[in-house]
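Same chain, two partners: chain A is paired with chain B first, then with chain C.
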Partner chain A sequence: MNFFKKWSSSEQTKFHQSQTTSEELVPEGEKKTGLKNHLEQNRSLLQQVFGDTSDFHIEKVYTGNREGLVCYLESMVKHSLISEQIMKPLSQSSFKQKPINKVKDLDDFRKSFFGGINFHFANYKHEAVWHILSGCAVIFIEGITKALAIEINGTESRAITEPTTQTIVRGPKDAFVEDINTNISLVRRRLKNPRLRFETYHIGKDTLTSVNIGFIEGTVNEEIIAEVRKRISRIDINAIFDSGNLEELITDKTFTPFPTIYSTERPDTVTSNLIEGKVAIFVGGSPFILLVPTVFTDFFEVSEDYYVHFFLASFLRIIRYMAFLIALLLPSFYVAIMTFHHELIPTRLFFSLAAQREGVPFPTVVEVLLMEITFEFLREAGARMPRAVGQTISIVGALVIGQAAVEAGIVSNAMIIIVAITGICNYVSPVYNFGSSSRLLRFLFIFFSALLGFYGIILIVMLLVAHLVSLRSFGIPYLAPVAPFIIEDQDDVFVRFPIWGARKRPSYLNTGSPIKSYDAKSPSPPPKRRTDS
Partner chain B sequence: MNRCFVFSMIVVIAFILNGCWDAYELDQIGIVTGVAIDKGEAKKLKMSVEIINAPELSPQQSKGNSSTVVYGLEGNSVAELSHKMNVAVSKKLDFSHLQTLVIGESVAREGLLDFLDYFESSKETRNDFDFIIAKKVSAEDLMSTTYPTENIPSMKIYSQLETGSKEWGTYPRVRMKDIITAMVSEGRQPVIPVATVTGSIEEGINVENRKNVEPKAIVTFTNLGVFKGDKLLGYLSLDDTRNYLWTQNKLKFTSISVPCGKNKFFTVRAYHSQTNIKANYRKGEPNIKLNIEMEARLDEIHCHADITKSNVYKKLEKKIEDHVEQKMTATINKVQNKYKIDIFGFGDVMNRQDYQAFKKVKNKWDEEFTRADIAVNVKVNLRRAGVRTKSFLTELKNE
Partner chain C sequence: MKENISLWQFFVLTITFELGSAVVVGIGNDAKQDAWIAILLAALPGFLLIWMYSYLLSLLPGKNLFEIMEVAFGRKFAMGLTIAYSVYFFYLACYVLRDFVEMIGSAVLFNTPSGVVAVTLMLVIAYILYLGFEVVGRVAEIFSPYMFFFIFLLSIFVWISGNFEIKNLQPVLSEGFQPIMNAIFPQLLGFPIGEIPIIFTVLMAHTSNFKYSRKVGMYAFGTGTVILVWAAILQIAVLGVDIKLRSDFPLLSVARMVSFANFFERIDATIVFIMMFGIILKISVFSFIGLKGLEYVFRMPYRPFVFPMSMLIALFSLINSESFAEHIEKGFKILPPYFHMPFQIYIPLLIFFIVIWKKKRHRFRKGGNR
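Here is the complex of A and B:
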């Protein structure tokens, strides 16, 4: 891990803390403004911050011997909880309440009325503002310079459904949702490990989006978790809406078509990767969880690989690698063969291709580009259009473009087959954003194969391999464990060994505990019983 | 910085020092499947090319027209002619899918095979096309003779050669490499299969010929042409051709009919045939031993024989062995006495197995071959018969 150390030490000097905190919620000069003694002063403090927004509520209550204020954002709390959890206890308070005279009495007050509910104390103005924004009811009491924030946020969120982009046949069928707490609980439920840690960050000056990093203490490589913390703290941005935004801000290299961060909406994938020693990054409002560090081969693995027989899983992995190569290279191979290397085609196939080419008005490369771009149009239309008109696109796509183009003699039949196979293979990759790499690079390959034939393809392949080996994901070589080749990690790359046969964590992750299970053994039938004696 | 510069220069040079100069779309090229070389009247050679008419080869687009176009032009070299054909042909010719090269008899007789230099050194042609010699007819006519089930005449010849060499051993598959190595080798002389057109040539070169149940003209293989260097000396019969293939260890399957009575025969299908040649000088005499071992299956028997008995098998085996030995010796003797050249490549074997002796005679090996003592020893293992152990012939009353 020499490269890692070198890299991180050079960065160390430039590092400075710029993480967004709740302090930035109040104007520059008012940071560290403490809360006031008097209710009216506190009320004006808040009103100054929130202005006259219609969903901000301040209600006057009595807490035993003193007056109090309950402040909350109507749009962030659940109404029944306000009356149930706050107003009802407070209305009974005057009968049995010990008098609140000092700041430290506030905790007794909380224990007797709001025990068991999540709470915070606010000493400063910005803290109070932050708690109100995140859906707490904040209680101020006359004469006390500390406020009590009770969490009663009850915003509606989408129910847990089946994943929409990463479906599997056998295995758990739940998927992450937009709510970050639900997402964390989906992982925690699967991983009853006390060493599972979550760290919360708030990113985005305007959005203050919650970002959680999750990892297993002791398993994860400390250098990697430090690197993740550092990169997240360094972010200086206005808004984060999805993990896709965050991905771009923390990735190792932006100018590459290959994703160096894995994103998934499957809790089982996140859980198993945490166990492998990776770090999960949850972003509030995004059902896609990021996993770092990520290597190239991760994009050919699905959680289902571990739920089906390992023969089938290994076969499917090899199929996925083949599909990636086909999606990347097939159209350019076709162009190269049809324009430069006629002698490579088997003779009878050659005659058939020649017959199809007869009368096609465009050069092969134009034909390929025409169909590939048409296919991209269809795909983009299919992804964005309203569901109600979905039928139209498929009919127009299949009939008009497929059949009519051939019948009209604009493209050849073989061309349609090439585009179709390429299109199908592009979707074989289990992770959608990985498919986009072959989708983009394909055009580069087509361009150079039209200019230089196989020679051009080989040149681009060489540049591509050079680019791939230069990539890093959080300091880990992107092509590990293939380049550098690590023999002991091959048990779960191109083929999957039986689960009891793969005992170690990937060594390129340099995890805290390299071995997953010491005593894993193959199941075997019971010994034969001797009946003769 | 310097390394970065060098690397980017390499990349730039790799891309810009090339171009699409050899890019041809499939519809811009005329695919040549057959080439026929005849003796020219005014110039040295007449080269004819067979160009496919691709749409006729597709079942959907076919209109029943001719699927090939043949055009011949006279000139002095094949290399020049192959680019000059456009005096009559519309597209650039592409020789990469050449299937068959037909050589006219007169070209072969006069030793005008020097045009092979072009085909050997051309980067475009593959070397997997077959050579044949057109006997009695012009090479161009032979290449133009149509056939019902195969649209391209030279493809028909190509697949005929492929099947024939596997099924019975009718003719060897002769590729350019075989001819050239045999020509330059001291211990071997080249052979090329010979074909002719049976029937009317006039009607053969018409698409209508494909509509006849019994084609008016058909390309048939008749002989094996024996060369001395680049000159055609004469012909061997088809039976001799099979024996030739046997000596080359290239005979995979064949059927042998052996007489077993007056106008009675039995036939075996030979397979897994293996030929070993031992060559050396013994007391100054070239001594060559051929050991042929094969397995066989009894396919047909006209004579009465109880084929459930093993001693009957032994007798039949002996008969086959004697028959094959006799035929092969006859073929070898014929070549030794009539043509006096070593087409079998025994010299090459001698070169490998008795180098010191061969070194002394390598310039006059063909003479040595003529006086060589050649013994053929055949071992047949008759493994099985057909699905009947008792032929219906044994139950015929009148026998």
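Here is the complex of A and C:
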């Protein structure tokens, strides 16, 4: 069903009303058709469009002195709502209604019977079709060339639950769901700021997925928001199912293992990032909200960092950086040391490691690759398996990566430890797709450490750092507060300063208002002056 | 698009560059135990040169050495000179690369063919250069702290291990100033001191804020020199003059002496990897300047040259000298008087005076018209 051209409303910025129809909704290669005077003509227009799909419903009604049609998609509305919100007022209207003779009367009609419900008027066929598709009941009246669309969004959606991928111990426990309106309201509830703006776009020729960008006017960098608008309206694709699709379409550079867009399912993370001056992108049908621009260090920050004591938060951040490095480098370090640089570790440690490897028939690199790939198998099976067989995987997995493998003489004990530590460290990153970068690059490191030892590792590290510093996210250097080094942004990178101490927004974002709060102070009283005289 | 580096990046890049290979290979050997005095004294003309060259750049803002040569000599002659300069810088890159290849071969990868080391390193450098000079600056920013930190750590470790014999520095100035002068001219002045002002003639044109770049450059040069002096003191005090003179890479020998707590032993390999950052940056900077020269000659962005030139550097670094002894001999006997001095000092000074003369004449003529 290829009905609509890409529909965007980038030119509308002020107080954007969602679901505004536009000229661009006209099907490709067709002129726009106005609605007709006669009901039967309108009915055949719609039936032409919808064909004989079984969930399309046209009902004949009487309103006041005239005949009317109510059209809706059964699959998009709740039946009880139709009878309560449309049919009941309509049947009442047949007694009380002033005659509807002109287009102008249609509005009076709406005011008296459908007050307080979201509505739209449709003058053209494509507008009526669009409203029907987005879950409205559209009312046509004999002799009127305008149709009234009443919003009855009665589709079922998942209830708000705890986040499944980004869990925290202390802090709010709600997560985004698939319904975009619920998601927006989750953010709006936390941010009672009149300058919070949302703009709606519809992307995907076939799916017309609604995409909302949210930002705080005056705080956000105007250039970034313009860039986001530009990239979103430039998208030319037929379907969007998840924010992951959109991420790939608007990211700065595709050929990189590192994500340059942050995705989260936590409303508090989105809210705090909006306040920092970032832009949130909501995609209909996806519980993951994108945040741009994103820098490398964002992937080591969790919203919980701000809810616990800053000593602990800073400690945890440093732990996360260490974990990232370990997940990336540890197996390759092991290979390099065992193959090339025996002298780098204390002699006795090396002897004990070498003794363990005595019975192992493979070179170190084969051993490492064997175990790492086994671990990847296990992980993939664990993520995809049906819940019912979960036990099997964990039991078998414990055997494969465990004592049994050692006793079978395939790998050494130290190898098990290495793989286990690496696997654990890989999950420390709060964002899942960031962990995947170290997961992939690890194999590159193993390969080069087997070829050139530490020299190879350092070469790849240089390569990686050069690659990282060349990345940008919506124009912002990816390693922003580190390279280029910005001293005043260091209050929230490797350590977190107390909340009253971090008063500025990140300066690399070039926000509209650089200072968050002017006179935030420590709650402890100022030191008393000695007044003994 | 002109790519610029921030002043902070310029600062750390300069220090890392100056330390680059100079901190690992022994310098100022002619001055024996007074090598550190020689380095200190050699820095004085260095400051003077930096001042002059930055003044030269400020006369023609936004232009680098090659474009300034055009003002001084006209495009044709400047082109020939630029090619000579490019070759010179590429040769320096080769030289530093050979230093490094030998260091890797002698300290960590004993059986790996040196060609593999040279080519892999140049591939990484080619990638960095391909990404642009901005990336060079940021890479320096990320890695230089580790370099400084490790030199600091090494000093602490050596001191804890109890190998630091300050007596080795005595007697100070036992043979008067003559050996020191011999060490400075032209050796120390050519490498590492003179390299800084000459790279500034191109790098300063790429800083985001030219106004302060002279000051920052001077500070960076001063800091780098202090670290070099400290490295020399460390080498002499730990190894003694004799071993220092005989050692190819005195700093590695120093690191080899570290041993305490049954854990920190044989850290020389670690030192090699840390110093590797400095060497990569040094080769990158030399190649970048050489490529800038090619950019000037061929009037096109340098990116297409990056890969072929880096492979050539890898090749020539290996065939340039038969052995490491020949390599060192070239570096200390042939390069300083016949290459470093003309390229680093004589020609730039000539340009300096010609440009000033032309400016004066120009101003005079302007005044006459008024």
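The rule is simple: the second predicted complex is superposed on the first by the 491 of 533 C-alpha atoms of A that agree within 3 Å, B and C clash if a C-alpha of one lies under 4 Å from a C-alpha of the other, contacts with A are read in each partner's own complex, and residues count from 1 in each chain.
The rule we apply is simple: a residue touches a chain if its C-beta (ideal position, glycine included) is under 8 Å from a C-beta of that chain, and two chains touch if they have at least 3 such contacts.
Every value quoted in this text rests on a predicted model; they were computed, and no experiment measured them.
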*If chain A is used to align the two complexes, do chain B and chain C fit next to each other or clash?*
clash
_With both complexes overlaid on chain A, does A:Phe198 touch chain B (first), chain C (second), both or neither?_
neither
*asked:* After the superposition on A, what does A:Phe340 contact: first (chain B), second (chain C), both or neither?
replied: both
*With the two complexes superposed on chain A, say which partner A:Val360 touches: chain B (first), chain C (second), both, or neither.*
first
*Examine A:Pro484 and indicate which partner it touches, taking first as chain B and second as chain C; both and neither are also allowed.*
second
_A:Ser352 in the overlay: touching chain B, chain C, both, or neither? Say first, second, both or neither._
first
*Once the shared chain is lined up, is A:Gly453 touching chain B (first), chain C (second), both, or neither of them?*
both
*Based on the superposed arrangement, let me know which partner A:Ser470 touches: chain B (first), chain C (second), both, or neither?*
second
*Once both complexes are aligned on A, which of 4-12, 58-66 or 382-390 in chain B overlaps with chain C?*
4-12
_Just to be sure I follow: which residues of chain A are touched by chain B in one complex and then by chain C in the other one?_
340, 343, 347, 452-453, 455-456, 459, 463
*In their shared complex, at which residues does chain B touch chain A?*
11, 14-15, 18-20, 22-27, 29, 31, 33, 52, 54-58, 61, 94, 96-97, 99, 124, 126, 152, 155
_Going by the contact rule set out above, which residues of chain C touch chain A in the complex?_
6, 8-9, 104, 108-109, 112, 116-117, 120-121, 124, 127-128, 131-132, 134-135, 138-139, 141-143, 262-263, 265-266, 269-270, 273, 276-277, 280
*Of all residues in chain A, which touch chain B in the complex?*
338-340, 342-343, 347, 350-360, 363-364, 448, 450-453, 455-456, 459, 463
*Given the complex with chain C, which residues does chain A contribute to the contact?*
340-341, 343-344, 346-347, 452-456, 458-459, 462-463, 465-467, 469-470, 477, 479, 482-485
